[in-house]
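Everything below concerns the one structure shown next.
Every chain is named by a letter (A, B and C) in the order it is written, and numbering of its residues begins at 1.
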């Protein structure tokens, strides 16, 4: 509608007999028409198209050459990387550290199994038409952590013990993201409910908490957990650095979740609450069985976006010395055997994150479209 | 609203408050005990001690032997500088990319989409490090600087721009020039009789330029001397990396906000403008954007506040801002962990609350009163 | 009856007193940290995040370096095996708070022993395991021969260290201006120096040698002869645990004593079998009770030399490849500053 005039598609009345020539002409006409409408509709548009194509021709081929054509993947040492292209050999050889940190190589099957379990438990929660989504969510938050914990930590016959200091790489990022989401979602819901409460103390405390934690930069908060938190602990009590960071991240993320959930709570009509109260339900029953299910359905896309942001922010734990994928890449880059491969390392990290996050945000978008269709009905 | 809380709930909230206060008391007690046990002292007296280290980039004068209090000021200004620069560029480019997303041209639309998706789905820290290590550190050494027009030199130590050295009495002229520049938007809206000054107000910036030029003694060009280039103003690569990194990351989000706001304007507005014969850019700037602004402002404000908070990532690119220097070097040298961290946190909280308050005020002013 | 009762009571009292004092001798060494380590079964040692020479983690995750050897020596002294130790890499920003909070038992992380840290941070200094000063590393192509010629140069430094302060003082004393660029981690600083962002890198002498070896072509870099400060690196423990601090100090001296006595990892078993020199016998635990006096068993020094080696051996193993001569780190008998105090 907005933009250049739409030209009609030329109809080809070749009748039902001659199919092949008609089809080809039709296809060609459709393509030309599309080109004309989208790329060359006006002089300005044409100039723009040409300029963009020129820019692409200038930027893309060298990159493709570097990343694909001239690149090396085979070999076992830096010397194998001949040519001007990227040295993906480096990535291939150091792959285990990037993904699993210093987890013993014989035990990596446990990490993979835990990952599969995560997928198995999450898919029913995220699928479109699961019947008992709440049940699967509960299993995901209770049974799965226990199983995963046993698998990853070990200590049982057949599963040798692996200390948490050996966990690292992308596995650590996923772990942190999962634990923080599992912790901050319930807490965020409570905060959001507290913010709407009519009790002044509860409301003030909730608002204060949310505004305070949202006002601080994440890096400050993480550094605080490493440096300042020990001062608050009694003598003799020392909590592992990772756990301190997790606690602080849960509190931080809960504030953001609370804001997202608040939007959903506001979207539920008051009539629902009134009807529920009139039936005789108590406050907590109204919230748990009537309001929240609707609110959460509306803001699932927002929550997934929160999860994506959190997953990206897990890279900040390198600043306090935890060995996640960015830490592994940084360490690998300064290994004397592999000097000068910073570009490959960072491009690899970006590709890994892009894959995961793009998948999640596409899912969120699809969910949003489905919900809007659902809500607006047949407008 | 729907139902009054029960008496039990009313009492319960006071119990909760008591619990929170008790917890706070417990924490303070713990801190005091730990401090006493380790023979440490809580206090801000260290702010008067001398710093004894160099800050690589500073907007106001900095001597090695200035106090820690001055360190705080210098770092705060550094943070403010990069935040302000990033906000301005991110807004402009976000607007551009957002409009590109709505273009008729398929190529333009999808390039914008690819850009937004890529930037939004990669961690900001990795992007920053990439800009600093992957791009800026591949620039040539000072001896092989890239010469840009106007006497500007680009090398791995930074961007060197010729400096205008003012005459000794040129100070007054500079202030007048600045005043003329600042008064331009006000002059634009001024009404003289029944005529609006409008574009004629552009005479003021021209006047500013003339005044400024009159006060210049000579232009200092950067030249190679010894280890570095001397003369001119240096824009360090740390600042450039942080500025570019923050801007690009925010651009992706602002572009989506702009697009969402424009799409939210009802189609009727577009069609009415079209029927009046307005061209595309006129429709955009005169009809759609002013209305979209109302929707955009809350989301833009939170993006701006995010930019301010993200300046803390400067530690990863060696930019001397609040986190790296004050809650980093000073914290280490003065051995005052709690005090420095609390100060930095307080500054960010204050800035954020001020920003939110400002946004709420603006929102209330421009909210449409629905009939 | 009377008489016997009296004698018996006397004997009982005397026996009780002897038993009490003997018992308290056995429990004389009270150290919360040593008890915690024994209970845990593992020593937790704070080390650097990855700098060749002092503490470096290879791609398999195995740690090696001079500081690592010191940690392992401590582990074998207290727990009987040099492998019962966990290494926690700490950045210069968090190293002291990690020690203060109790997360690590001892900090052996190429840290300078200073008055400020001894007082303001509530930390006790252990032994000096590395004597050096702050040195500069610059590109040979810059044709700089002395630190005084660095006026106007930009030098990469690690933040939160004594190094930034020393540069300021040196500049003021010599009327030159050295610009600094601050980094959090050594690898960032190395990368910047390599790329040419700064003219050189500065750190304590050992770390500078390590930095040079990490460069693409180490021969392009020269380490300037001046040491602009004293950087006597060593270990730190928390204040309030004297006996632990004493053990930490004497473990380092045990490694030095071994070198003075000529005992190496290779010949320790042989010497143990045939030793006649009372000093050697005392050192290896065959006579005297030096170990027990420190709160560990008498074989502690023997195990240290057997599993970890003596100081000279470790120095050569980790700093030899970095081409850093022993210099100040040689034994006092050879003109250096490393000395073990006498044992008896």
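Quick notes on this structure:
Heads up, the rule we're going with is that contacts are C-beta pairs under 8 Å (C-beta built on N, C-alpha and C of every residue); 3 or more make two chains touch, one makes a residue touch a chain.
Bear in mind the structure is a predicted one, so any value in this text is a computation, not a measurement.
Farthest from subunit B in terms of Cα centroid separation is C.
When the C-beta pairs in contact are tallied for A-B and for B-C, the bigger tally goes to A-B. Inter-chain spacing, taken between the CA centroids of subunit B and subunit C, is 45 Å. One simple way to say how far apart two chains are is to compare their mean CA positions; for subunit A and subunit B this gives 26 Å.
Residues of subunit A found to touch two or more other chains are 223, 227, 231, 233, 235, 319, 342.
Counting partner chains per residue, subunit C has residues 93, 97, 100, 184, 191 touching two or more of them.
Residues of subunit B in contact with two or more other chains: 37, 133, 315-316, 331, 337. Only residues 94, 97, 102, 163, 165-166, 223, 226-227, 230-231, 233, 235-236, 238, 240-241, 319-321, 330-337, 339-340, 342 of subunit A touch subunit C when the two sit together in their complex. Residues 37-40, 52-54, 56, 64-65, 133, 137-138, 141, 156-157, 225-228, 230, 237-238, 315-316, 318, 320, 324-325, 328-329, 331-335, 337 of subunit B are the ones touching subunit C in the complex. Residues of subunit C touching subunit A in their complex: 49-50, 52, 57-59, 61, 86, 88-91, 93-94, 97-98, 100-103, 184-187, 190-191, 213-214, 216. Chain contact summary for the complex, subunit B toward subunit A: residues 1-5, 9-10, 12-14, 16-17, 20, 27, 30-31, 33-35, 37, 104-108, 111, 117-118, 120-127, 129-130, 133-134, 267, 270-271, 274, 280, 309-313, 315-316, 323, 327, 331, 337-338, 341, 344-345, 348-349, 351-353, 356. In the complex of the two chains, the subunit C residues touching subunit B come out as 92-93, 96-97, 100, 116-117, 120-122, 142, 150-154, 159-161, 164-165, 167-169, 171-172, 178-184, 188, 191-192, 195-197, 199, 238-240.
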